C-alpha cells in the first residue's frame, strides 16, 4: 500500500469533520476554553464572567459582568407559585432523580411561563434595528425612541394584546424591575433597548397604570449587553436553576413521598350524567 | 349561616395547607427570599451567594462564597467530548427549543457520566462521619485520615473497582483538580473531607500513578462547605449549564438542521446473514 | 356553628374545583374510563381502540380501529438514522434510566424531525375546511380537490419551500406510504384529506418526480379519522415509543458504557489560529 | 495513490463501526425491521406484536400477543390522581409542546410512582431463577412456589417493608388485577412467575387482608412472557402514553393557560416568625 492507513484516516477527518466547535479544545491534560486554560479561569473569574465568556466568546468588561450578575440574581426564585416549581416538587415527591426533577421544571417554560423575556427581547431588538414605519432603520435619538414607543403601545392596544415585559399577575409594582433599572443606570448599561423599554413603560403607566416587570427590565438590559433574543430563556434558566434545585431539595427533605396536592373528592368529573356504559353493546365484533 | 364562607375557607387553608416552603414568600409587590427582600439581594450578592443562600438558607462567608464560585467555574465545559453535550447538540439540530435541548443534556447525567461527584461526596461524607472498622466514629486526627484512606483504597482494590473521583478518561493529570486544591488551601476551605481525598490520592499515586480528578477535588471541597452529597449533581448542573447553553447556541448558529453525525453506510447490522423473512410463514392466523 | 365543616368543605369543592376531567373517574375499587369500567376494557379492546377511546372519548368503528393500528405500526422504527434514536442511545450509554432515555428521544422531535406530520395535517385540515381563494369553504367535489392541490403546489413552489409530507431524505419512494394508502382504500378511510394529499402527490410527481412520504400519507389518513392536527406528534410518539425502548435496551445490553461515537482527534476546532490567551492581560482588575 | 479513497473509507467503516444495531436496516426505499420489510408489517401485525417484535426480536405467538395487549390496555389511565398526570397537565397549561408535556409525565416515574412494576418483576425473576435458602436453584414444582412465597412474605414482614405489587393506595381490591389473572389463565400465560405472585397474595390476604394490585399481576405475567425486569417501566410507558396524551389534550382544550391549582394564601411559610432580615448587617464586605 503506497499510503499509510493513519495518513488516510487523518485526511478523512480533516476533510469531513463530524464535530466542530470554537468553545473548548480538549487535549491530554489540557482544557482550553475560548482560548484560556481552565486552570487560569478557576479562581480568577466569576460565574457570570464564565457564562458570558462561554456564550459570547470574549470576556465582559467589569461593569457588564456586574450587570449580568444582577440579572442572574434577579431571576432566582418566585416561591411555589410558578407551574415550573410545582412540577419540579411533584416530581421530587415521586422519588425522581435531581436531574429529572430539574428537567421537568425547565420543560415547563412555555409560551405562558417564562416566555415573556424572549418575546420582549425580540420586540425590543427588532424595533431598535428596524424602527417602525415613519422611523425606519436603527433607532438613534431619544426623540426616535419616544415616538417608536408610542407606535408600539398603539399597535398592541389596537390588537387587544398585552406587551410582554409589562404588568404582573401578582405585583402591580414589581420590586425587582426598578432595582434592575437603577443598577443599569449606575453601571451605564442602560442603552437604547433599556431606554425604549422605559419609554414604553412611561406611556403604559400614564394610560393604564401598568408598570414594567422583571422581564421587561431584563429584556432591555440583556439586549444592551449584546445578548441575542434567542438566548433569553437560556439566561433565565441559569438564574432560576439554583431556586429549582433548592425546591427539589426542600421537597425531598420535608415532604412525604407521593404527596397529595388535593383530595380525591376535589376532582370534578365533567360528564357526571354518563352512566357506566356496557361494552357489549358497542362491540358487536367480539 | 352563622359563619362566613371566607372564615371557613381560611380555617381550612390553615389546618390543611397543600404547599409549604421556607424558601420564598410571595405577597403583592413583595418577594422575600430566605428572609431578604429580593430587591436588596439584586446588585448586592453574587450568583454563588444567591445559590448558597437558596439551598442552605443562610449567607455564606466571603471565603466560602469565593470557594463555591471556583467550584462552579471549574465545571464549566469539556468541549464536545461528553455524551451530554453531544445529546444537546443533536437535539438542537432538530430544531428543538433551548429548554428541551438543555433538559436533554441534563438527563444524560447517569451513573457513568457526572455521577462520580455524588458518589465521591457520599463516600467521603460517610467515611468522615462513621470512620471504618478500627477507626469508628467521626474522623478527627490527621492520623485517622491516613489510616482510613488506606482501608478505603484496599477495599476498592480488593473488589476490583475504581474509586470515584480519581483517574480520568482523557487526562492523566487533571489540571482543574490541582488548581481547586490550591484555592481551597488559600481560603482555608480544605477541611477533613478534602484532606481525606488528598490522602487517598497520595496512596493511589504511589501504587498506580493515579491522580485526583475534578470530581474528587470538588467532592472534598463541597463536603467541607457543608453540601449534602445528594446535592452533588445539582451543583454540577449549575456549573455546566452555561456550557450546554453555549453549545446549543453554537449548534443552532453554525450547523445545518438535522445534521448527520455519520454516514448511513457506517452502520453495522449485526445479523447480516438474516435474509428478509416472509411474514406469511410466521403468521398463519391472518 | 350552624353549619358543619364537612358541608362547607363540600360546597367549596363543588364551587371551586381545582381539577376537572372527563377521562377517568376514580373511586375505591372502581376505575371508569370514558364511561367503561377498566376491567371490561382489559382483554376486550385493542391498544389502538384504547388510545382512540382515551383521546376522542368514544370507541372507534372496527375499520377505523384497524386503520389507526396500521398508522401506529407504520411509525415503529427507522433504525439508528434519526437524531432522536441517537440521542436515546447516547443517553443509555451514560447509565441514564429508561424513562430518561425515552424522554430524551421524545424531546428530540423538533421542527426538522417528526414535525412534518403535524405541519402536513394542519395544512390539509385548513385547506379542507377553508379552501383557497377561488374555492372558498369546505372542499366537496373531486374537482375542488384537484384545483386546490394545484394552488397549494404553486404557492409552495413560489416561496421556494418544500411541502411537508412529500419527499424523503433517504427514500425516493417511501414503501410505507403506498402501503398505508392501499389499506386506507381497503377500509374506506380515504376521505377528502387523503384525496387531497394524493392530488398534491400526483402534481408533485409529474413536475419533480417527488412522491408522498409516510408523514403525508398518515397526515391524510389521521385527518380523515378525525384527529386534530395538534395531536399529530402525540400519535407519532405512540407509534415510535416501542422502537425507542428497543434501541435503549439494545444499547444497554450490547454496548460498553460511555461509548465514544467519534475519536477526540475527529473534532475540528474552528479558531485554530488562536494562541492560548493570557488572562492577566484581559483582567486588570484582579 | 495506489489505493482509492473510497476503498480506504470502506475498510475503516467496516473495521471500526460507530453504530451497530440488529433492529432496523435502512437502505434506499427499503426499511427492514427484525428481518421483515415494514410494508409487510403495516396492516398485518398488531401494535403489541410490533412492540414485542422490536424489543424481543421475534414475533409472539397469538396467545402471547393477546396477553401482551391486555397488559398494555390495563395500564391506560388512572385519572388525575397520579403525580405524572398532574405534572403533564401543569406543563400543558404553560403552553409547553406536546412532547415536552409527555416527557415531563414520563420523568415523573420514580421509586414511589410506577417503580413497583420493575421491582416486583425483579423480585419474581430472581426468586424463580435462584430460589431461596432451602429451595435453591430454579423453581419447579408447585410445592417449591408455596414455600418460597412464605419465605418472601416473612422476610419483608421482618424488615417492616411492603412487597411491591401488593396493596393499593386507593383500592382495597384492584379490579384490574383479577381481570388480568383471569385472562392469563385463559391464554395459558400463567407460568411460574404468575403462580409465585398468586402464592404471595394468598398468604398476604390470609394474614393482612392485602390483595395483589395491577403491578403484581403484570409483573408475573410479563415475566412469564419473557420480558426482562429492566423493561418493566418501558412497558408501563407504552401502556400509559395514550392516557397522558389525552390529559394534555384535555388540559389544552378546556383549561385557561397558566391556571392556578391553589390560591396564593393557601401557601404555608414555615418560618413565619422570621422578620425581614437586613442584608447590610450580614455583608460587611460591601
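To keep things simple, chains are lettered A, B, C and D as they appear, and every chain counts its residues starting from 1.
In this text, a contact is a pair of C-beta atoms (placed from the backbone, for glycine too) under 8 Å apart; a residue touches a chain by one contact, two chains touch by 3 or more.
These are the chains along with the protein names UniProt gives them: A, B, C, D = Citryl-CoA lyase.
This structure is a prediction, so every number in the text was calculated from the model and none was measured.
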{"item": "Of A-D and C-D, whichever chain pair has more C-beta contact pairs", "value": "C-D"}
{"item": "Identity of the chain that, by mean CA position, is farthest from chain A (Citryl-CoA lyase)", "value": "D"}
{"item": "Intercentroid distance (Cα basis), chain D (Citryl-CoA lyase) paired with chain C (Citryl-CoA lyase), Å", "value": "21"}
{"item": "Centre-of-Cα separation between chain D (Citryl-CoA lyase) and chain B (Citryl-CoA lyase), whole angstrom", "value": "27"}
{"item": "Chain A (Citryl-CoA lyase) and chain D (Citryl-CoA lyase): spacing of chain centres that average the CA atoms, whole Å", "value": "33"}
{"item": "Per-residue multi-chain contacts in chain D (Citryl-CoA lyase), two or more chains", "value": "18-22, 25-26, 37, 41, 45, 79-81, 86, 97, 99-100, 103, 107, 109, 170, 254, 261-262, 264, 267, 270"}
{"item": "Chain B (Citryl-CoA lyase) - residues contacting chain A (Citryl-CoA lyase), complex", "value": "18-26, 28-31, 33, 37-39, 41-43, 45-48, 50-51, 54-55, 66, 69-70, 72-74, 76-81, 86, 97-100, 102-103, 106-107, 109, 170-176, 178-180, 182-183, 228, 230-231, 233-234, 237-238, 241-243, 245-250, 252, 254-255, 261-262"}
{"item": "Residues of chain D (Citryl-CoA lyase) touching chain B (Citryl-CoA lyase) in the complex", "value": "10, 13-14, 17-22, 25-26, 32, 34-37, 40-41, 44-45, 59, 62, 97, 99-100, 103, 107, 262-271, 274-277, 279, 282-283, 285-286"}
{"item": "Residue ranges of chain B (Citryl-CoA lyase) in contact with chain C (Citryl-CoA lyase) within the complex", "value": "1-3, 5, 8-9, 11-12, 79-81, 83-84, 86-87, 90-91, 93-97, 100-101, 103-104, 107-115, 169-170, 254, 257-258, 261-262, 264, 267, 270"}
